[in-house]
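Some structures to go through are shown next.
Below, subunit A partners subunit B and then partners subunit C, in two separate complexes.
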Partner chain A sequence: MSEVWSPGNVRKIYTRLSGTDFYARLMKRPFLVLTVVLIGFVLVLSVFAPVIAPQDPNATDLYGKNQGPSEEHVFGTDYLGRDLFSRTLCGLQTSMAIALTTIFVTFFIGTAIGCYSAYHGGWVDNVFARIIDVFLAFPSIILALALITLIGPGIFNMILMLAVVQWASFARLMRGQVLSEKNREYVQSAKAAGLPAWMIMVKHIAPNCIMPVLILATMDIGHTILAISTLSFLGLGIPPSVPEWGSMINSGLNYMRIAPLNVIIPGLAITVVTLLFNIAGEGLRDVSDPNSDNTVAL
Partner chain B sequence: MKTILEVLSLNVTFPTRNGRILASQEISFQVNEGEICVLVGETGSGKSVIGQSVLHLLPESAEVTGSIRYFDKEIFMISEEQYAPLRGKEISLIPQNPGGSLDPIMKNGKQIAEVLDHHKSKEKKTGTVFNILSRLGFLSPRLIAQEYPHELSGGMRQRLTTGIALASKPRLLIADEPTKGLDYVARKKTMEMFSQLKENKHDSILMITHDLDLAEMIGDTVGVMYSGELVEFGKVEDVFCSPKHPYTRGLLKALPRNGMVPMPGISPGLGDLPGGCYFHGRCDICCSEGEAVHPDWYFGDGRGVRCHKY
Partner chain C sequence: MHHYIIKRTGYLLLTLIIASLFTFVIVNAIPGETAEILTKHLFVGIDEVAPPEMVAEVASRYNLNKPLLEQYADWVFGIAQGDLGDSLLFNRPVSKLLGNAIPPTIMLTAVSITFSILIGLALGIYSALHRNNIADHIIRIATIFSVSMPGFWVAVVLILIFSVWLGLLPVAGYGGAEYIILPAIALGLHTTASIIRIMRTSLLDTMEKPFVVFARAKGLSARKVVFGHACKNAFLPVLTVIGMSFGSLLAGSVVIESIFAWPGIGNLLIKAISARDLVLIESTIMVIVFMFLVVNFVIDLLYHTIDPRITYE
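So, the complex of A and B:
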């Protein structure tokens, strides 16, 4: 590990990166750089949330409930007297952990199915394409709701259900990419060189198709955070002891008149994090596309 | 001399909206060990289809009959699993368009190494990659190996695809239009490269081209294709000095050095072939028989021709 991060190596990596078009296009978009830095900050925050949090997010103090901001509680307290700032920070960890796991799972399942289906073609592709269509035909949040009611709440079940409703959009995008890519000449010549199908898929087709799927994944992190909050707001998903933004808003609603920050802060947090990932996704799309040079959006 | 590849009455048909297209009909020829066999013909005369047939790379919709034998072993009417060990290892392809045939986001060296790896070359890998590159005339193989295909010129890409095809040390190499789209210098270099390969007597090459000069310069045997058929086949000296089929004669006359006399008419589309001899509308020695009866393939003494006059 230490070798990888030695100053010489880092400088070498930087020199190579800074020579690429990708880097040049990224540097033309200062707001995008800011977004990326902020996302890095959010990720660090979420990893170290329990350490950074000034107080135990679950420590109740019924004498000091529903308080406004004070020196001790930066954002005040909720209806059980728990520190709102600490809960929001730890809620970030919950959201990021679930969202990233879900996206990793859906990304791999979706791209694998989409790639295999398109490359294989014939009836296999037909069957998978119809299955994907069926999954896309359901309104995803309602499907997730129904499924969670069916198998019960819980973090693991929530990840499972979000994966079930989301893999199809990844599979469809990947399938479309591979369908157009698999007839390219380099795939034909890889076949002629005698490489087996899995190797052609993994080493040649997938790397050439993956960028749009990566962009979708980045944007979907935001959507997933939103979905997690929606499900917890409705009381499905995360157990009440775990701090989570959706359930925080839900419990704060009853005391909105006396302690409005209990609704506003988690709501803002959801908005900001979702927005960050959406902007990053769109920025990634622009940066990866050489034709976007003249249309600087961010 | 052993026969490495023997094609017998190969027929390839593609069903299309406008009826069946006979892409190649009753093709028969053979390639001997250490020889370069060149198939020449116009665009759409079914040359590439033959290469694809030998490599089992025809589209799934193709309907095929006939037989292709590789060292007396049937390799055409066999399953994909039985064929797989041959492809790339024993028989390999230099693809038609070197620009598009390289993975755009894989480093040049890795593209060769991958083939080496897969076909389990015993030699040390990096050394071999550099050896292959320098044998192909790259002056700084180390640099080239670290670059991507888009950083190379057309001629360099041509050499790189050749290197990939040669990496597994195949017994039979199929080169599909190696000089297509190259400028004069790059074409000349490619010719030189193939001449070098020819000196190395192990390799047999089936070359598909419409470059008659290339065929004459490096070929041992040559087959002339017209409308999906082989109309003439024989040793290069024989075919170029005493062509028997009127189409071959016309082709040679159309060469700049032979006066550049164009042939009358255009070749018929593969979808609506005329009755009788396919060439009879354009033939300068056309006989009444040719208008009614399709000529058979006369073969003897290493020389074949499809014409009523022989």
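So, the complex of A and C:
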């Protein structure tokens, strides 16, 4: 997807996005509007998941293990007799909470470093550019696995790790933006007015560069959800007591002959949520760039 | 061109050095007393008290008494001499373990990427040429679904359908051709979908270029225009995607290999991480990063061969 996110391309998107006909074009795509509404629905669902869940996601029932769907358990139960539907619903909360926190942290760190590096220029910029390159040279899950060795599993560690893995792409994008912006007249005059560097960066440059990075952040949510579930599936992410889709699939593996829903349902949940964010992200890009023709035309 | 190759090689080496330093620091900078934590992990259990003499032995085994920089220098010199140390987990030289693990991974990745490219190009071209008809819509819906599905789940569902329910293919293992089918599909699905998408977009883009319009106008057959003129020019973005995909294939193989018990590098890395076998972890990660960097290096040079207009300045 990153071929779409070359700095030039993204700048084009930004220009289009800030155009007045953005909403008009958005409204011409009812399917995209529907997707955005569905994402809103998913977010609400994730906030209220423990309230909506018909049963306690961690209540075990050793006499009702690995059951098929019934009136009491819509999707059946897992290997400890826990209600699969409730666990999947609460898994949504886990995924969304971690994914959104990660994106928030990543966005902040990446933007700050990219902005500082480009604004400062000189050897500082050279060093940061090299560091960013090295981070991007690692296949991301490999870097995540290396970090797991260092800090061990856990929810907080997972957020930290994903942030370390992903900040570089945000930093690169922001750096490119600031580089093209920092010689504009308004920056010169702010400097001439004697404003401190941090204020020029935060108040003047950042607002003009931030939009493409915000779009990248939106697009990255689906990616992060996949990464979270993959690490949990490997048993390197979240403690087993917390309902999480990846670890649910992992624990369902041994019983998939008798209770296949335990591996199917959480995977479907991952797919649907990721799909929503992917469609929305690409739709947003298409709306902002009418020439591209990439989404499912529905 | 030669100047560029030299510059690019230097850059490759620099990245490798930084990456190795980085890997080494990450793996070795365990908070707290490294030797003690390692002893607990390897021998006595994480909640037990590690006997001091055991800790001392582990420390000397892993050279943990030396300063970190000296440990790093030892490791790099070891690599230069082909000696990667011994794995505590398997009690064998790391170089032997890696030597056994690299061929299966290369085989899986190669099969996977070959089929991804063939299917991806075919469906991508088909989709572009039949723009907005029903097949095009189906292909596009299928691709966006494919990139939204986690690879490990695809693997699990494939096992469920083809091994558990239908009994057609083995669940896991390594051997004849029947063993490679499911892991290759699970590994290559994302890549196939990305190639279809980028090929379609790129070809549609190219078809509107003046030289294609000219070729049509001078009366060349549609087949000649598409395959002789448009496709070659549309291929460049696809090459970039293939290069990037190689990284995600290597990364994906970590998960896929451990699901299918495929005896490759990814599987080795997961085992090493669960056992905290530091020597094995750092070397395995370096091998993966090295393969990734080299492939991207080669692809970088290929650009010029495919499109002579590109100069490296």
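By our rule, the second predicted complex is superposed on the first by the 261 of 298 C-alpha atoms of A that agree within 3 Å, B and C clash if a C-alpha of one lies under 4 Å from a C-alpha of the other, contacts with A are read in each partner's own complex, and residues count from 1 in each chain.
Keep in mind that, in the parts below, a contact is a pair of C-beta atoms (placed from the backbone, for glycine too) under 8 Å apart; a residue touches a chain by one contact, two chains touch by 3 or more.
Computed from a predicted model, the values in this text were never measured in an experiment.
When both complexes are superposed on subunit A, subunit B and subunit C end up sitting side by side without clashing.
Touch criterion met: A:V263 reaches subunit C, while subunit B stays clear of it.
When both complexes are overlaid on chain A, the residue A:F75 reaches neither subunit B nor subunit C.
In the superposition on chain A, A:P207 makes contact with subunit B only, while subunit C stays out of contact range.
By the document's definition of touching, neither partner reaches A:F107: not subunit B, not subunit C. In the superposition on chain A, A:P139 contacts subunit C only, with no contact to subunit B. Of the two partner chains, subunit B is the only one touched by A:M199; subunit C is not. A count of residues in subunit A touched by subunit B and by subunit C gives the higher number to C.
Looking at the shared chain after the overlay, A:F233 reaches subunit C, while subunit B stays out of its contact range. With chain A used as the common frame, the shortest Cα distance separating subunit B from subunit C works out to 16 Å.
Contacts from subunit B toward subunit A in the complex involve residues 55, 57, 84, 86-89, 92-93, 95-97, 100-106, 114-115, 118-119, 161, 164-165, 168. By the touch criterion stated above, subunit A contacts subunit C in their complex at residues 2-3, 130, 133-134, 137-142, 145-151, 222, 226, 229-230, 233-236, 246, 249, 253, 256-257, 260, 263-264, 267, 270-271, 274-275, 278-279, 282, 292-298. Chain contact summary for the complex, subunit A toward subunit B: residues 184-186, 188-196, 199, 203-204, 207-208. The touching residues of subunit C, when paired with subunit A in their complex, are 14-15, 18-19, 22-23, 26-27, 29-31, 132, 137, 140-141, 144-145, 147-153, 156-157, 159-160, 164, 197-198, 201, 204, 237, 240-241, 244, 247-248, 250-252, 254-255, 258, 269-270, 273-274, 276, 278, 281, 285, 288-289, 292-293.
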